[in-house]
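Beneath this line is the structure, given in structure tokens, with notes to follow.
So that you can tell them apart, the chains are marked A, B and C in the order they are listed, and the count of residues begins at 1 in each.
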Amino acid sequence: MTALLPQVLNLLLQFLDSFGFLILSAVGLAIIFGMMGVINLAHGEFITVGAYGTALSYHAGLPLVAAMVVGVATTTVFGLILEFTVVRRLYGRLLDSMVATWGISLIMIQGLRVVFGSSLDSIGTPLGNIQYGTFSYSTYRLLLAGASLALLGALYWMFTATEFGTRARATIQDEEMSRALGVDTNRMYLLTFGIGSALAGLTGALYAPTMTIVPGMGSTFLVEAFVTVVVGGASVLVGTTGAGVLLGAINALFSNLFGTFAGRMALLVTTILIIRILPQGITGLLNQIREEEA
Amino acid sequence: MTDTVLALDGIDVSYGSTPILRNIDLSIEAGETVGIMGRNGVGKTTLMKTVIGLLSPTEGTVTYQGEDVTDLPANRRARLGMGYIPQGRDVFPDLTVHQNVRMGRSISDHKSENLVDRVYEYFPRLDERRGQKAGTVSGGEQQMLAIGRALAGNPDLLLFDEPSEGIQPSIVQQITADIGRMSEELGVTVLFVEQNLRVIRELAERCYVIDNGRIETELGATDLEDEEAVANYLAV
Amino acid sequence: MSFEVVVEVVLDDAGLDDRPLIVGVDVDVLFGGFASSSREAIRPIVDENQQLYFYTNQYEGGVCDTYTWCTGAVPEQQISTTLEFLTNEFGNDIYTIAADYNFGQITAAWYRKIADEVGANIMEEEFIPLDVSQFGSTINRIQEADPDLLVTLLVGSNHASFYDQKNAAGLDVPMSTTVNMAQGYEHLRFDPPALTDMYVGVNYMQEIPTDQNQTFVDGYYERWPDADYVGQMAQNSYFTTYLYKQAVERVGTTDQDEILATLDEEPITVEAPEGTVTTDPETHHVTHQIRLARADENHEISFQNQQAVEPYWLRETPYPGCDLTETTGASEDEEMTQYEPEGV
């Protein structure tokens, strides 16, 4: 019993860790994809901008939390500028949007390298660790999992309980009708892209203290983000959350039992199976269940 | 002087290089209920979309309450007080009935008062279904919802694309009655497109007949009383 | 007689195909390549053109090639003396985490081989894909195994996040590697205490506290004031240039056949910033001064256990049995094998 409890805790913490990483990686991408049909291949680099903004202002002397706010703000402004200049022209053009944002991603990686060099000084992880049995775990990483849950809660509230959320959902469901009801859909898209960018920036800001800060750091988030969005399907909240739970659990279990490599394999195999069995992802499955009930 | 709510002047509309509407002139005075009739595919829906601003004319001007709105996008026109009820209803399926109704409020946002409560008075069945997803209610209820949604914003002009399409006859009758009542009680001007003879005769004070993208003729109140003559215009 | 060596820098952005470099420019000697992948792409072309080539970075070992001289440190040099020292100090149970590609796999095999030789025990090995940046489960598993020594053969910026995450999780264990600090100066780039108790067998780091090295480091920064660090590859390229100079002076010509021959005849010794370095004609590698470098919690570097270590493994018989003195001059079909430790 005494040996079992820490093991169970291990699994639970692993799950939370994995869940948090998947959700935070994916949520900005999911919102932009779900609402605007644009696949932002520069999503990873948006996260990088968040981390850079955070690290640079932290090293300039700001307290960590304030530095994170700067990181998020920088990414948001950056995203808005990009929407206005490039992305705006690509709505509904899936493949074009992928090529263009991939180009943006390459420019950003090299641009960051040219301007800031091959890496920034890292930020140490704050908050120490908690002990249990022979194990210990970083408190900050627990906080990250908490942040992902809080973020999902906040997004749920935003989409279901606010005027903006209703209009955003109306715009996804029927853009033309929304315009005919007075919704400035261009502004809606701008705001949505801004929110997606802000969330990517937040992810970068939150993970900045746990990672090496280099121009290419975004790529490590991109795989998780895509896997989560693909498994989740089009629904931003339900799909992403469901995918986070499913993939997080599988990744935690296999990593814990057989190591990181196995965890990663299990993650990708699950994704392939889901694409095969449920092409619309978890969203599709839920819709199916709902229809059968109705 | 009469108040002209809407005037189209020499409107041409094309999809790509295919002309759909040619040289459309029409005008509607405040408080009028005007029909546009014609067979399938003659450009009625295109005309409605051109009025609300979802399509842009290649020639001509759209004047709304004395203002040239030809270059304004749909969302700006809607906010000047145009309530649009599209063919096929186009309710937001994943929003609740109540959220759908509230979406209409931005129409005429210059007015202090919105009509959300009035909507539920007109359509008690919507009141019963407030919390239900709009995609799950019946076709007739969706039509009521589409009307209620446009009405909620207290519009000056209702644009109504085929109210009778795809709806049971009994409900058509009720909806027709509702529209008549609303136009009377709220003083809203109505422009509607229809090919159902009964609906046209019941609602329209006068009527334009479209064929081949042109206005063929205009029927006044007395013309509309002659059922057979009107039916001829709709015959293939 | 004395020669002035003229170094011409030929930039080659194409990277993996150096044919135009050799064929077009007609060089006397070729230096270059940073990664094993580029070296292995260069070697066939070098052999085909019978071009003398110096690869100066440390690598995973095993190249036995008539035209190629590898003057960086190799695993048997970096690991043999240090692992013995570390197991004596901390205990015999070793846990290895390594990047999941040829460098990590081969170096992990080296740790297995040398652990066998010094009587240590590799409890577990975990190979980690290069795109992994989150190490929660790995840290868990290490804590569960509770090793005396953690061997980290991690590569790239994603993997670099391990150290910070390990400390944040409170995993406290001495570490050993062959890659960090001497090459990527991680002890300066990462915030302390990320690399606390990291032990690396190095042939060179700029912190080596000798007058000879101090002169070199001062000269380096005078010439390139903006340099971040003088790493092992800088030093290796530096002394290798002097090795070549000596060979040229010995034969009195830059003729490649003659230089290849004299390099194979008898060892050449130079005084490098790291100390005395001697070529090994049999294997085309060099004997290095290996020190065990340790980073403390402030990332201050200290050195201990300095020894001259020969590149002894390649010439072991029957395997790999490398003896390049036999093939002086030119062989038409140079073997491309890169030997790896066997049976471990």
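Operating definition for what follows: a residue touches a chain if its C-beta (ideal position, glycine included) is under 8 Å from a C-beta of that chain, and two chains touch if they have at least 3 such contacts.
Bear in mind the structure is a predicted one, so any value in this text is a computation, not a measurement.
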Chains contacting each of subunit A and subunit C, listed by label: none
Central chain (distance from its CA mean to the mean of all protein CA atoms): A
Pair of chains whose C-beta contact count is the highest in the structure: A-C
Separation of subunit A from subunit C, taking each centre as the mean of its C-alpha atoms, in whole Å: 39
Separation of subunit A from subunit B, taking each centre as the mean of its C-alpha atoms, in whole Å: 43
Euclidean distance of C-alpha centroids - subunit B vs subunit C, Å: 79
Per-residue multi-chain contacts in subunit A, two or more chains: none
Subunit A - residues contacting subunit C, complex: 10, 13-14, 17-18, 21, 119, 121-125, 127-129, 131, 134-138, 140-141, 209-212, 214, 216-217, 219-220, 223, 252, 255-256, 259-261, 263-264
Complex contacts: residues of subunit A adjacent to subunit B: 166-167, 169-170, 173-174, 176-185, 294
Residues on subunit C engaged by subunit A in the complex (per definition of touch): 100, 126-129, 131-138, 140-141, 143-144, 146, 157-158, 160-161, 164-165, 167-171, 189-191, 194
Residue ranges of subunit B in contact with subunit A within the complex: 52-54, 73-76, 78-79, 84, 86, 90, 92-95, 99, 102-104, 106-107, 109, 136, 149-150, 153
